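Both complexes shown next keep chain A, but they swap its partner, so chain B is in the first and chain C is in the second.
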Partner chain A sequence: MGRAFGHRLGAAAIQLFFASLLVFALIRVLPGDLALSILADTPHTIETREALREELGLNDPQVVQYARWLWETLTGLRGVARSTGEPIRALVARQLGVTLLLALYAVTISLAFAIPLGIAAAHPKRRVLGAAVEGVTALGLAVPGFWVALLLILGLLRLFAWSPPIIYFGPLEFFSDHFALMIWPAILLAWQHAAHLLPVVRAETSRALANPFTVAARARGLSERRVLYRHAGRLALWPAISVSGVQFGGAIAGSLVLETIFGIPGIGRGLVNAALARDLPLVQTLVFVIVAIVLGVMLAADLLGLMLDPRTRYTT
Partner chain B sequence: MFFGAEADDGSVRAPAYFARELGEALSVELLPFDRVRVTFAERNPHFLDILANPRFTISHPRHLMEERIRAGEVSLTPSDVGLVGLGPFALARYRRGSLIRLERNDEYWEREGRNRLPYLDRIDYVVMPDPFAMDAAFRSGRIDGGARGQAHYLSQERREIYEAELGASVRFLEMEGGNFRLAFNMLKDGPWQDLRVRRAIALWIDKRAAIPAALGGSGWTTPDLGPSNIPVPRFFVNWPRFDREPLTERRERALELMAEAGYADGFSMGHLVRGINTAPGEFLKDQLAGLNIDLYLQIVDEGEWNRARVSADYDSQQGRLTPSPIPEGTESVYGRYSSNPDAYAKHEDPQLDRLYDRLRLATSQDGRIQIWRELERYLFVEQTYIVPIAESINVVPYRSWVRGLAVPSEDAHTFNDHATVWLDRR
Partner chain C sequence: MTSAAARPLTTARWVVPAMLGLVILFVALWAAVRGADPVEQDIEQRLLPPSIDYPMGTDGFGRDVHTRVVWGVGYSLAIAALTILFAGGVGALLGSLAAVVRGRTEYLIIRVADLLLSIPSFLLALIIVIVLGTHPAAIASALALGFAPRLARSTWAAMLTVRDEEFVLAARAAGVGPATILLRHLLPALKGTLLAQLASIGSAAIAMEAALSFLGLGVPPPTPSLGRMLLEGSRQYFETAPWVTLFPGAMLAVAGLALVLVARALEGRNLVN
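Let's look at the complex of A and B:
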């Protein structure tokens, strides 16, 4: 267990390192001068631009720039966002909390529906349910989330003359407003998440049902329901958690557009705003933070899998 | 009050946008009793008019900001230090990315008759980046008024939906929205250096078609068609009463001019387009295809747009700012490039310097109008550095119970204080 844990932790660290290199390099290959992009809308002299380049460290070798940025990021997200003047640490803390809540709601909803539904749909006699699950899955994969979001808002407006709240409050401030705003993007993200999760749960349960141990369970007189949910379905849990880890990142990525549509001040909208304001150092840091979180969640899912399914401890 | 920037060498210069309006500032002195003396190099008989420009109203509290800026916080904004002012409302709450709440300033000085202003106790400005979400919130009654901003202004289509669904409970504020134009880069080689080509393009474009196709359906091509509640300063609006012949006649002449210039088979020309608003560029591309001109659109994001529009890198563009309501103020967008980098057309024509100098020195209204007409004719017809196409109208929805709104006379940036607004919810 300890060795497997070490393997996964090491792999995550290497992935994070390469991700940081990639993020840094991608920002650098964008055309244009970063200092000029920042100053473009302000009357400035060449001296001012040079001073800013110096301040941003753009005159240093790329390796030095990379090392400094990584050090500042890893040692507490130091620095100030140029586009807003807000300390990056405070900005990330404020925005990330909102997005993580949204992603958490989405993943919780999708797990709560996808696991029992996927297990139930795996039973060979439940063809109608199976077809329904396939339909929901196909739509969730095919239909763009932002489009469904617009339809959803329009539908709420048409049917109930109601639209979601427009001011974001934390769950501890005004829970009812928080809930009424967050539930819709959470459901949409959960749907997309479940579209990936359902086929996995269903396939794993089907495979388990074909296993001899289920025949033995039936022979012992266990009910079909108990065989399905207690024995076969249990084997689908680990792949479901594993997929959820990956999809958690998808939920954060999916929030980019949904946060803008629903007016939620999360990191997705923050990233869009930073990109529009050409605050490339902030974009770089936010992307890295998102990558780190996704890797962290995937690692946590892996570790949970190690605990739930002993077989995986020997497959690394 | 200090509306300039102090350079490293101690000299003082006005921000670029106002540089030519104000002229060269020799010094700024702080006098006793909170007075300021600004000494300019040349006399400017319209200085008080220029000070009346609504864009001068933002004040930066120096006593709160200077020290921090000197300490290196060059991006500091007034909202970072707390807004200082004597307006009808005070900032009460700010949730980044979500809400700006203003509450009544009980010490506000202004009165309406015997009533103290403002009437409203509170205004919530909600940050809603998506215009569709704003529409939904408005239609469901969560907000009383729409936002002012490029994507949030109502197109004709959205306005019709509002009218159909909300009927008499919605009304629309119509404001001057700036003009849509095509401006040539005269500092770059290309067929557009030939006046006949520029004239041909000006004659060819169907300006009326631009209103639905490029401006969302709200706009006009002559002042006569403008909505009655936009008090455009008509003394100075001559445009676009040039080229008023029927479109078929104009187009015949345009084809002749292209042939005379040796470009009957057309040519290729780049056009800078702002990524957040591509419709005007697409309209121009479609129009100029009729002259066999391949207008290739160079669509850029906001960062590149801010850089590119003040550069001479592009063949043509539309420009950004609406001219100041004061004629002298238009030099920043019509003047020569070396002193006005934000000019729509990039040129170094000294004749425009002379015309603006005459305008500045004219002291009678008749004289000023005459010079302005000369200037317009020179710019739009005799040289055709710029092709004015149509004037847009910005439309903002308000619920019918919102009363006392002041319709901005210049553009949407002004008269935002809501001091006289009250709600009639009977």
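Let's look at the complex of A and C:
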């Protein structure tokens, strides 16, 4: 068990290292000239561009630039955001918590609905529920979340003359406003998340129902309900956690758009604003932070799986 | 082989996507009959509600929303097709290469795919669009970079299950080369799965392109793109003229749903085999 733990930890660290290389390469190397890329939309002189190159350290070799950026980022997100003048560490500290809370709400809602529903829908006799689950899944995959969000805001405004609060409060500062703002994007994200989760839970439970142990359980006189939820459904839990971990990145990506619509000051909106302001160094650092979080959550899901399901300890 | 009992069920799965396709076709033909221009502005006719002259109303510049929606769907589908082409070509090729060649190549391809998968595909697309610009081909390749590794991985995983089957061994024993085995034996066996994946890549590409445009990072105006129409509609005339936002979004949903259901139908056919 300890060895398997170490194995996954090492693999995640290596993956993070290569991801940092990839993000650096995409933003610094791909455009050819970063300074030109940042200044693309603004009229500028050659002197300003040279000054910017000097400021960003673009005249150093790429390896030096990469090492400097990675060092500054890993040793506490040093540096200042060019577009807002705020220290990057303060910026991330302010925004990351908000996004993580939103993602946490979304994943919790998704798990709370998708697991019981997916297990129940696996029963061959529940045709209507099965069709309903398929419909919810297809809509969640196909309909863009931000359009539903717009419809929702319009509907709430027209029908109840109610719109989400404009100012964000933390959950401990002013809970009712926090809740009123976060609940809608959380539900929308949960729907998209559940659209990936439901089919897995359902398929895994169906597969488990075909096992001889369910026949044995029925033969012992256990109720159909108990066989379904306690015996067959249990086998769907670990795949569900695994999918939740993998889809966490999707939830963060979805919150990019939803945070912008609802005016939630999270890292998604921060990233979009940095992109629109062409603050590429900030984009680079924020993407790296998000990738690190996503990898961390996937690792946590993996480790949880190791504890829940002994069989996974022996696969690489 | 499709059994007789399973056939009506799989045909039924095509009914809804076919209907959605007909809806899009009808809206497009209607626009063709009306013959309006997607970028022509008529400022005296701005923000008119839906009527017989303007079935979906007009936007803030007095442009016909109906015609713009149809062009926008066309643009979305073109992006989806390009993304499918790029991601499908690269992903399926590398995935099958990994499964057929084996050894170090296999390891390398799968590791690189895993690495790319650690970055959420929407973030990957966002970075590339910022860096490469908003040319349709650039947007499609940005999206494809997110989907290709997923496809490569699933192609590889699907081929693992068939590459050691007896019909493949028999072909090898008969002296058939690896390329022919791939094209004649392995790919046909996985056709349903692969086509289903391509269809769902298409629907995800439509949604992501719209999201990029909605964030202001997509194709620049005046090209009619559904995401951009949603952006303009919701920023400025959301309360006063909701039709500017409602119709593009509805078409987006219809097109996306059609592709998701096509994927579902293709998958269903595969399960029956």
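Quick note on the criterion: the second predicted complex is superposed on the first by the 292 of 316 C-alpha atoms of A that agree within 3 Å, B and C clash if a C-alpha of one lies under 4 Å from a C-alpha of the other, contacts with A are read in each partner's own complex, and residues count from 1 in each chain.
Note that contacts are C-beta pairs under 8 Å (C-beta built on N, C-alpha and C of every residue); 3 or more make two chains touch, one makes a residue touch a chain.
Computed from a prediction, not measured in an experiment: that's the story for all the values here.
Chemist: First (chain B), second (chain C), both or neither: which does A:Leu304 touch?
Modeler: It touches nothing on chain B or chain C.
Chemist: Could you tell me if A:Ala4 is touching chain B, chain C, both of them or neither one (first, second, both, neither)?
Modeler: neither
Chemist: Scan A:Tyr168 for contacts with chain B and chain C and give back first, second, both or neither.
Modeler: first
Chemist: Going by the contact rule set out at the top, does A:Ala180 touch chain B (first), chain C (second), both, or neither?
Modeler: A:Ala180: touches no partner chain.
Chemist: What is the contact status of A:Leu222 with respect to chain B (first) and chain C (second): first, second, both, or neither?
Modeler: Touch status of A:Leu222: no partner.
Chemist: Could you tell me if A:Gly250 is touching chain B, chain C, both of them or neither one (first, second, both, neither)?
Modeler: After superposing on A, A:Gly250 lies in contact with chain C but is clear of chain B.
Chemist: Touch check for A:Leu141: first (chain B), second (chain C), both, or neither?
Modeler: second
Chemist: For A:Arg278, decide between first (touching chain B), second (touching chain C), both and neither.
Modeler: Both partners, chain B and chain C.
Chemist: Once the shared chain is lined up, is A:Leu150 touching chain B (first), chain C (second), both, or neither of them?
Modeler: The answer is both, since A:Leu150 touches chain B and chain C.
Chemist: On chain A, what residues does chain B touch that chain C touches as well?
Modeler: Comparing the two interfaces on chain A, one with chain B and one with chain C, the shared residues are 37, 150, 153-154, 157, 260-261, 276, 278.
Chemist: Chain A touches which residues of chain C in the complex?
Modeler: On the chain C side, the touching residues are 114-116, 118-124, 126-128, 130-132, 200, 203-204, 207, 210-211, 214-217, 230, 234, 238-239, 242, 245-246, 249, 252-253, 256-257, 259-261, 264.
Chemist: Write out the stretch or stretches of chain A touching chain B in their complex.
Modeler: Residue positions touching the partner: 32, 36-37, 40-41, 43, 45, 47-48, 52, 55, 80, 82-86, 94-95, 150, 153-154, 156-157, 161-163, 165-168, 260-263, 265, 269-270, 273, 276-278.
Chemist: Which part of chain A faces chain C closely enough to touch in the complex?
Modeler: Touch residues, chain A against chain C: 15-16, 18-19, 22-23, 26-27, 30-31, 37, 134, 138-139, 141-144, 146-147, 150-151, 153-154, 157, 249-250, 252-254, 256-257, 260-261, 271-272, 275-276, 278, 280, 283, 287, 290-291, 294-295, 298.
Chemist: Spell out the part of chain B that touches chain A in their complex, as residue ranges.
Modeler: 5, 7-8, 13, 15-16, 72-77, 80, 95-99, 124, 126-130, 132-133, 136-137, 139-143, 301-304, 306-307, 310
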